[in-house]
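Going in written order, the chains are labelled A, B, C, D, E and F, and every chain counts its residues from 1.
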Amino acid sequence: MPISRFVEYEDASPEVRAVYDDIMESRDVDWINNFWKALAQHPPTLKRTWESLKEVMAPGALDPLVKEMLYLAVSMANTCDYCINSHTAAARKAGMSDDMLHELRAVVGMASETNALVEAYKVELDERLYRAARKT
Amino acid sequence: MPISRFVEYEDASPEVRAVYDDIMESRDVDWINNFWKALAQHPPTLKRTWESLKEVMAPGALDPLVKEMLYLAVSMANTCDYCINSHTAAARKAGMSDDMLHELRAVVGMASETNALVEAYKVELDERLYRAARKT
Amino acid sequence: MPISRFVEYEDASPEVRAVYDDIMESRDVDWINNFWKALAQHPPTLKRTWESLKEVMAPGALDPLVKEMLYLAVSMANTCDYCINSHTAAARKAGMSDDMLHELRAVVGMASETNALVEAYKVELDERLYRAARKT
Amino acid sequence: MPISRFVEYEDASPEVRAVYDDIMESRDVDWINNFWKALAQHPPTLKRTWESLKEVMAPGALDPLVKEMLYLAVSMANTCDYCINSHTAAARKAGMSDDMLHELRAVVGMASETNALVEAYKVELDERLYRAARKT
Amino acid sequence: MPISRFVEYEDASPEVRAVYDDIMESRDVDWINNFWKALAQHPPTLKRTWESLKEVMAPGALDPLVKEMLYLAVSMANTCDYCINSHTAAARKAGMSDDMLHELRAVVGMASETNALVEAYKVELDERLYRAARKT
Amino acid sequence: MPISRFVEYEDASPEVRAVYDDIMESRDVDWINNFWKALAQHPPTLKRTWESLKEVMAPGALDPLVKEMLYLAVSMANTCDYCINSHTAAARKAGMSDDMLHELRAVVGMASETNALVEAYKVELDERLYRAARKT
């Protein structure tokens, strides 16, 4: 029993339609997924989030597939169901194979275990690692 | 005022030394970082964690640099300080540039925002995305 | 498939009924929501939680609507589905409009992003902000 | 031993200075706090984050003080130290009194307890609360 | 609409069957629960996780029931639905009564509140508690 | 640079002193730790939290040591530094040995890994586990 109400294309204001059109064109798809239809209840949040997302996920120093896998890994760490499903789909579209997905899950699981152990043991940072992290 | 106590190589049992030797050889380094020295207080946890980690991070369908970046992204999502520092160092060693780190942080920040929005709006999963995530 | 079992009014002990009566009178409603019926399996937890909640949410330096919105924002940050739904209902009853809800969600999303960026960049606290936070 | 490196005004590019100038003017302050100086290592993230934040925190249906308190409550729920300190300072500047801060903390604490109890008891959503949350 | 696909015993490779047989024998059950059938899509993760879990949950300084209750408490704190259900079942099997479960939930709820208050008030560690935690 | 300000016994109001006296008597100690001195800035929160804690941690179906270890495990899962330190001290006082602490940390680490894997694989709940969790 979710509480979102979705704004469909046919009911959308010109401002919302312009964002929907940009989403469909940028992603080369012919439909809008529920995340955007939920945000469209508040057009400024829709526009700001889409423009931020488009900028962050654009080609850069990181490969688009790597960016999609990072996004998915963070969604798993935050246990967001919709996000895990939608970004699994997006990463598959960007080229993630089944084997890559299984390894990604193994890394997320392992990181969660060692993260928890570091917190449980309250490990102090090594001087050497600190310098390596800063590259100085 | 952390509460870890570290087991140094010279004070370690043969069982712990064997793990330390394997860590140094596998990673081609000549020192042991504090995480392992803290776990060495409980040798079964040291051995099990190192062996799991070595297996998970071994070459596979994912590139080693991509694995390190996924590990770092999860550590940021879990806000584990030691982990962020140590895996920033590890990812740099595996080839992550400054630009790649900045983009990785932007993806983590953006994923945190959209994950929160999905939860706040309680977005329902799209049937199409569900099928795409399952590839059926 | 949730695992709660609910204690209905007609099956409740006098101790539990006394809490149920106080909830209905304090909130001016004629029914008990599932949260309380689940806690009633352990009457000391029911009584203690209701009395704490009643005290914390009572009129004080903060406006009741602001308190409800803070409760809702924390529930979103903790991604607790039942809590988001029930406190959305409570905040609406206390006067929250649709526009206020949309802005609240935008703040929660934005705070999640900047929180993640602060952790990712491991930002040190400014001396000036520290003093301002302490007001000295 | 944080790993941020800060970009000071005197070392900043014109693009970064333009954002710094806008921050100082919008907030009527004569200095830049470390969060922005850390983001300035990656100018696109600095610019995008500041513009999003400015838009989200602008006057709207919610009072600016309420927005600041919501931001602070989310930061407490996310246990982000820098964020708690900086948004405590911001909320005080916007008019939050000591009593208001103490009540806010009590609400955050209480919400964390009841959120945990809801999860522990796996409480099902009431049909009535669902309808009230949707206002139908 | 979950995205796991399960590997049934009859379709499993000899490597996966060996793990399934060990799970059923170690736990004295005649079926495999979905967690393992999902991991079996990636046999190295199945084997590593089962072997780690078996080792961690084996008799030791802590009583098996206490270990199961600690596992359940962490799953509640992490708000993992499947985990809460499966470890409630496991802890019941190990001897947890209804009263013990209710008290466990009360402790998890209380810890969540005081954890949140500690973060909200940013409490400094007492020198005495630090020494007591280290036993020196 | 924490932002708490502590209320010392000598500066405390009679209302706060009464709580401090009860804490010292109940725990058989002659000092007050910082958590309570921080809460004492808001006497109703001090009183309510102490009374809840005293009730929750009182002898019941669970052994006091088990309760302390559950509290500690939740604090580790929530990564609350002060809480981990103070509840490690409390659990030691209640009889937790070094070996018990190491095993507790191993359970917390392992639970975090399998919790993350459950979320990553989006595992569906087994009908049998659901019935076992409900005991029907």
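Just so it is clear, a residue touches a chain if its C-beta (ideal position, glycine included) is under 8 Å from a C-beta of that chain, and two chains touch if they have at least 3 such contacts.
From a predicted model like this one, the values you see are computed outputs, not experimental measurements.
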item	value
Farthest-lying chain, centroid of Cα atoms versus that of subunit F	A
Furthest chain, CA centroid comparison against subunit E	D
Identified repeat of the B-D interface (over half of residue pairs identical), from A-E, A-F or D-E	A-E
Gap in Å, rounded to a whole number, between the CA centres of subunit C and subunit A	28
Computed distance of Cα centres, subunit F from subunit E, in Å	19
Subunit B residues counted as touching two or more neighbouring chains	1, 3, 41, 44-45, 48-49, 52, 56, 76-81, 84-85, 88, 98-99, 102-106, 108-115, 117, 119, 121-122, 125, 130, 133
Chain contact graph, described as a line, ring, star, complete graph or other shape	complete
Subunit B - residues contacting subunit A, complex	2-4, 31, 33-35, 38-39, 41, 45, 49, 52-53, 56-57, 60-62, 66-67, 69-71, 73-78, 80-83, 85-86, 88-89, 92-93, 97-100, 102-104, 106-115, 117-119, 121-126, 128-130, 132-133, 135
Residues of subunit F touching subunit A in the complex	76-77, 79, 81, 84-85, 104-105, 108-117, 119-122
Interfacial residue positions of subunit D with respect to subunit F in the complex	79, 84-85, 88, 98-99, 102-103, 105-106, 109
Subunit A contact footprint on subunit E (complex, rising order)	1, 3, 41-42, 44-45, 48-49, 78-80
Residue ranges of subunit C touching subunit F (in the complex, touch as defined)	1, 3, 5, 44, 48, 52, 55-56, 125, 127, 130, 133-134
